[in-house]
Each structure stands twice: as C-alpha cells, then as structure tokens.
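Every chain is named by a letter (A, B, C and D) in the order it is written, and numbering of its residues begins at 1.
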Amino acid sequence: MNVGLEHYLVVSAVLFALGLLGVVTRRNILVIYMSLELMLNAANLALVAFSRFNNNLDGQVMVFFIITVAAAEVAVGLALIVALYRRRQTTHVEDLNLLKH
Amino acid sequence: MIVERKKLNFWERLYIPAVIGGFKVTARHFIKSVFKRQPVTMQYPEERWVVPEGYRGAPYLVKDQEGNTKCVSCQLCEFVCPPKAIKIIPPGPAGQLADRPNAEKMPAEFEINMLRCIFCGYCQEVCPEEAIFLQKDWSHVGTNRAEMIYNKEKLLSLGGTHAGTQKWKHKLEEAKEQENFPVKP
Amino acid sequence: MENAQAYLFYVFAALAVICAIMVVANPFSRSPVTSAMFLVLTMGCLAGLFTLLHAFFLAAVQILVYAGAVMVLFLFVIMLLDLKEEQRRQVKSLSLVAGLVSVGAILAIFVRSLIATKPGEGALANVEGSTSKLGKLLFTQYLLPFEIVSVLLLVAMVGVVLLSKKDLK
Amino acid sequence: MFDNITNWIDGLTAMQQFVLFSGVKIFAVFGVLMTCVAYAVWVERKVAAAIQDRVGPNRAGPFGLLQPACDGIKAFLKEDFTPDHVRKAYFWIAPAIALIPALLTVAVIPFGSNLGAQKMVIADLNVGILYTFGIVSLGVYGIVLAGYAANSKYPFIGGIRSSAQMVSYELAMGMSVIPLFLWVGDLNLSQLVISQQGFVGWLPDALGSVRLPNWLVFQSPMLALSFFIFLVAAFAETNRTPFDLPEAEQELAGGYNIEYSSIKFALFFMGEYAAMITASAMMVTLFFGGWTLPWFGLDQPATSIPGGLLHIGIFFVKVVAFVFTIVWVRWMWPRFRYDQLMDLGWRRFIPLALVNIVVTALWLWIRSRS
C-alpha cells in the first residue's frame, strides 16, 4: 500500500487523456474550454507530484504560474465566446464555418 | 416641480453622520423597549382593544325594549349595500306577521355575509326603522365560509336589545298629541 | 498513517477520474452546466491530491482560483448565453473514432514512457509546499517570470474589458 | 469513572487519539453552531422587535426561547413542494451547497486556547486563511445553482445578481486581509491569535492605566482600515443589509429562492445565518484577538480545564457581540441600489484595499530598515 510517483502520474495521464478526448469529440465550445482546463489540471498534478518526489519546489512554482495563466486564458476566452455568441447566436463549433462558404 | 437635490459636502458624503444618527435612533428605541419595557405591542388575547366611540364594527339587527324585532323587511339595506352582503327574504302575502304592533311584517330570513361586508354603515344610515346598527364588534372568526354568513337569529342575538329610542312609541305619542291639538277652523 | 494516506489517494484519484469522465462524456446530460459542476468536483479532488502531496498552498489556491473563480465565470457565461436547443446534437461517429484513436495513442505513449523510466524508484518524498518557501522562491529565483505573469494578467484584463464592450469600433 | 476514561484514552495510539478528539470537536462545534444558527434567528427577531418598539416572539417558552424549535418543526412538517418545471437534480442539491461552505469555514477557526492537552481548533492548518477564502468562494455555487435550477426568470436573474455581488466582494474581502498577514507574517490562525496577546505599545505612557488590548485592529491605522473593508465585505458576502439584494422582494419577487419551500428554503435560511456566525467568528479571530483578553492574564494559553472553558466563553461572547451588531445594522439602514453596490465594490473598496496593501508593505519596509 505505498503510493509512489507513478500512481500520481497514471492519474495525471488519465485525466489528460480525458481532457483531450473532450477537446476532440465535444462540439460545444464551452465544454471544449472546460476540457482544456482539465488538461491543464492534469499537468498541474504531474508537476506537483514531481516536485514532491524530487525534493524540489520548482514544480510547484510552475503550477502557480499555470494556474495564473489559466485564469487569464479563461477570462479572455470566455469574453471571446460571449462576443462570438452575440454575433452568431451559437456556441457550437460546427456552426462557425464562415470561411467554408 | 423640480426639487433640487442638496449637494452633499465631503463629510456628509462619507455618510458617517448618517450612520451615527442611525445608530443613535435605533439604540434609543432598543433601550426603550428592552430596559424601560415600553413596547407598543398589545398582548392580544390577554389585553383587548378598547374600541373608540363611533367605531364601525359589524352590522347586527337589534330588538326594541320589549324584545320585538324592529326590522320590517323593507329591503332598503339590501338595496343600498355596496358589496351586496345583505340578503332579505320577505315573508310574502301569506307569511308570518310582525311580532309587534305598528308593523306590517318582519323578515322571514335576514342574512349578512360577513366575508363580503365592508363595514361602511350605509345599512344603518338608510334603515327607516332603526333596526340595524354597526356595533363595536371587531373579531370575526369561523372555521369555514358558510359559518361567516350570519342568519337572522344570530344577528338578533348578537345585536341584543337597543336601549334608548323606541321609535314608534314616540311617534304614537306625537300622533296622540296631534289629535288633541286645538285646531282653529 | 501511511495506509490512511494511500486509501485517501485511491478515493481522490478514483473520484477525480470519474468526475472527469462525467465532464467530457456524461451519459445522462449534455448540458454544459453539468459538465461545469463535475469539473468543479474534479478540481476539488485534485486539491485533495495536492494536500496528500503536501502542497498545501497550491491546494488552497486550486480551490480558491479554479473552483471559486474560474468555474464561477464559466457558470456565469453558460447562464448568460441561452443554450436551450444546443443540447440535442448527435456526435459524429467519424470524429468520435478519430478522437478515441488519437487519445488512445497519447495514452499509450504515456504508459510506455512510464514503464520505460520507472519514475517511482528510489524517490524520497519529503518536500513541504509551505507558503513562505514558495513565496521566497517566487520572489528570488522566479522574479522575472512572476513579473511577466503579472503583466500577462494586466493585458488579459484590458483585453477582456475591451472585448466585453458592446459597440466595438 | 473519569479515571477509566482517561486510562482508556491514554491506551490509544496517537492516530486513534487524533481521530477520537477530532470527531468529538467536530460534533461539538457542529452542534453548537447549529444551535447558534437557530438562536441567531431568535436574536434577529427579538432585536428587530425591540428596535421597532415591539415585543417579538414570546409565546413558545419563556421569552419565546422555544421559538427556534417550533420554526424547525414547522419547516420540516410543511409540504416539500417541487415545482414541475425545475431542474430536479440541481433543485435538490442547491440548498445543501448553500449551507455546507458556511459550516466548513468553522474548521480552521481557533475557538479557544487549550482544553487539557487538546488545542481548541478542529484543523490547525498552515494555510488557514487561504482555506477559508477557498471555502467562502464556493458559497456562490449554492446561489447560482438555485437560480439555475428554478428554471424561471426571476430566480434566475436573482441568482445571477447575487452571485455577481458575492464574487465582487470576495475580491475586496481577500485583499483586505493581506495587510494583516504582511504584518503578522503567518497564515496560521492560531499563530495569529497568539500574536495579539498583551497591550498595544503605541499608547503614550502618560495615560497610565488606560491601555488598549493588542488586538490587530488597534495595532495600526492600516489594519483598522483592513477591518473596515473586511466588515463591509462580510456584510456583502453574507447577504445582510445594506447589501441584502438577494432578498429582492420588491423587484424580483424574492430572488434566487422563490421556487423553494419548507425544509429546502429553511436550508438557505440556515446557510445565511451560519455564514453570518462564521463571518463574525472570522472577524473576531482576525481583528479582535480571538479568545484572548489582555486583562487578568487571560491572553496566555490556558493550563487548566476551567481556564480553557473561560477562553471558549470569551470567544463566544465576542462572536455574539458581532452577530448582534450585524443584526442591529439590518434594522438601521436601507439597502443599496444594485449599481451603487457594484460601484462601491469595484471602484471604492478594491482600490482602497490595494492602496492599503501597498502602504502596509511600505511601512513594514521602512520599519525594517530603521
């Protein structure tokens, strides 16, 4: 019953894969955004685990930066989505095909 | 009319005087009702409200001093009642006669719906027989709507005997005086 | 004590994975609000995992920033956009297959590299992510990235304010 | 009997003791908090009545003291009506989510010094205050989800509006305590309380026996300003007057909880009062010295059981004083308009809090150089 680095990395990998699955398969732009957040979180988990098991705080500093950047990214992204919705009345990526036609 | 809003100075715009004022007013009332025990509340079932003179309560039928029904079933009150709360069934040609002299008839049934009544007092004002009065009754309770329609017996028993005037006795005396009046041809 | 931590790890990890599945592939509801709420739960579980890794500051920040701010923003936007008819759409099978294949490939790479490197061996677990240590590191060694991130936040703020203006010229 | 229990406790391992004592503390605090929530409603009604020259509840028990029990029974026995158009799952979850954050916050608040060998705090976290703000920030979900679950327009608008209010003031609240932690240099709330022992040093000696306790609110003007911002933000966070816009009877027919009835509504209600009590406890811990009282040597951790109980009592009295003030304010001021509320939050208090942080940092820097 000893939990080591590899356990955390497996969880992180599974979460990352799930996030990627969401980005690839879901068509609602908001859910895609949430899946991106999930991927960032998976990366965070891996970094914190590395930091803990390698006796080094750099990983945690990295996570701090990731959280900050993610917050900024979400703010800008959601503002873009709202602006988009105002123009096109949709949040569905397949409806955003202006360049196609 | 345009009311100019007063320009607040800096001290006032901090709202500190207003805040202190608010604390003062509320604290004064708090102290008054907690420590000096002077709340304005009346403890209802124990303490009862003393009704002022001229209070318009529920309309009830009254009896004269001899215990006879005053109402003659003229239906003026039914006609004048704004919310149509009064319902009178007259006795009809073969119906019961009045239980007193100087009256042709009395109502077979007299109902006031206390849920509809607005306690305006028109019935009292219009009644030529002075048979219906707004009384000082202010607590009407019942467990269903049917209970709140008061019938003649209930109205008469609640109304009681009206002391003071006995309208037709007075008129009778007046008429007798008229008979003995020395009229010069 | 060790055992308790291991149990907690498995509970949090399983919950995190289940909630993550509910975020991307919820069999009951396609509503973005449901996704968002399960994402909040995932973040909470990750905060729990951070605590098990003795990264207390980051666990608190994870709850504070992600669950408390980012996801609330998400919920706000979802509710402001009226998304009634958006929920009923078929997932295209082609994209689903392509997605599964690519995700499987990535997962395979992860697993292979994990097996190949055996990262857990010989590692000692003894770092405490206390606030003061993290702060010292942040303001000495990582001062420049810290400042850059602060500028990034400022830029993002300005950008959001500009984007949210109704009549943009 | 007592010896038996102590022997049994001594026989346990450290882990078992930890679990036992934590469980006892959690149950005790939960019980006391829920009782306080019930009686906060009673206090609210009594104070309101007194300020408005009325009597207040006085039928159930002496001084109406059984009124909370009656209210609770009523809430449970009422029909638990679920409207047809609501989103069921969220409709059920939202009231619970509204109550839980307020309860979780209490976990890190030191409500006494020691009782025997036990520290009177459930979880003595090193990141105590961050934990608190994390949990407080989750309080928004209850309101947002209640508005969303109702699936009709007034609750929805009410929910959006209230959550916008809470998110806005959370920022001011979070930034207002940063000077405090710059000053003390620790995020642990127990250490924070320890740092407030004794009397303030800046009063001139000429005053003699007139001395102020060394509580943080008295230590410097910046911290007093911090307290002011925190107080206002706490009013806004707990949805109390003058920021009680969530209860918008006039314009939104009631706000986010229109569709709720019986015990679910009561949970929102309890959540509000629990939040009020925890906010008071936070203010006492952060700014008013927690369980310390500098007179009679009561600022040192207790060595005996009665001393420990006395410290808990001091803390309790301070919290009650704050709850009383919060209730008092409700019957004193009208509420703000929504635009005024946002203006106050974003354009007054957040800049003020930022300036406060900078000034405190400068002060500390200058002090460390001289």
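We adopt the following convention: contacts are C-beta pairs under 8 Å (C-beta built on N, C-alpha and C of every residue); 3 or more make two chains touch, one makes a residue touch a chain.
Owing to the predicted nature of the structure, the values given are computational and were not obtained by experimental measurement.
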### Query
Which chain's C-alpha centroid is most distant from that of chain A?
B
### Task
Please find the two chains that have the most C-beta pairs touching each other.
A-C
## Note on the structure
Between the Cα centroids of chain A and chain B the separation in whole angstrom comes to 75
#### Entry: CA centroid of chain B to CA centroid of chain D, Å
53
### Message
So the centre of each chain is just the mean of its C-alpha atoms; given that, what is the distance between chain B and chain C in Å?
### Response
73
### Query
Counting in whole Å, what is the centre-to-centre distance of chain A and chain D, each centre being its mean C-alpha position?
34
## Note on the structure
chain C residues touching 2+ other chains are 57, 61, 69, 80
### Task
Any two chains that touch count here, so list every such pair.
A-C, B-D, C-D
## Note on the structure
Counting only contacts in the complex, chain C reaches chain D at residues 1, 4, 33, 37, 40, 47, 56-57, 59-61, 63-64, 67-69, 72, 75-76, 79-80, 130-131
### Query
For the complex, which residues does chain B have touching chain D?
19, 22-23, 25-26, 29-30, 32-34, 38-41, 43
### Query
What does chain D use to touch chain C in their complex?
15, 90, 125-127, 130-131, 133-138, 140-141, 144-145, 147-148, 156, 159-160, 163-164, 167, 170, 187
### Residue ranges of chain C in contact with chain A within the complex
2-3, 5-6, 9, 13, 16-17, 20-21, 23-25, 30, 32, 35-36, 39, 42-43, 46, 49-50, 52-55, 57-58, 61-62, 65-66, 69-70, 73-74, 77-78, 80-81, 83, 86, 89, 91, 95-96, 98-100, 102-103, 106-107, 110-111, 114, 118-120, 123-127, 129, 133-134, 137-138, 141-142, 145-146, 149, 152-153, 155-157, 159-160, 163-164, 168
### Message
Under the definition above, what is the set of chain A residues touching chain C in their complex?
### Response
1-11, 13-22, 24-28, 30-31, 33-35, 37-38, 41, 44-45, 48-49, 51-58, 60-61, 63-65, 67-76, 78-83, 85, 90-92
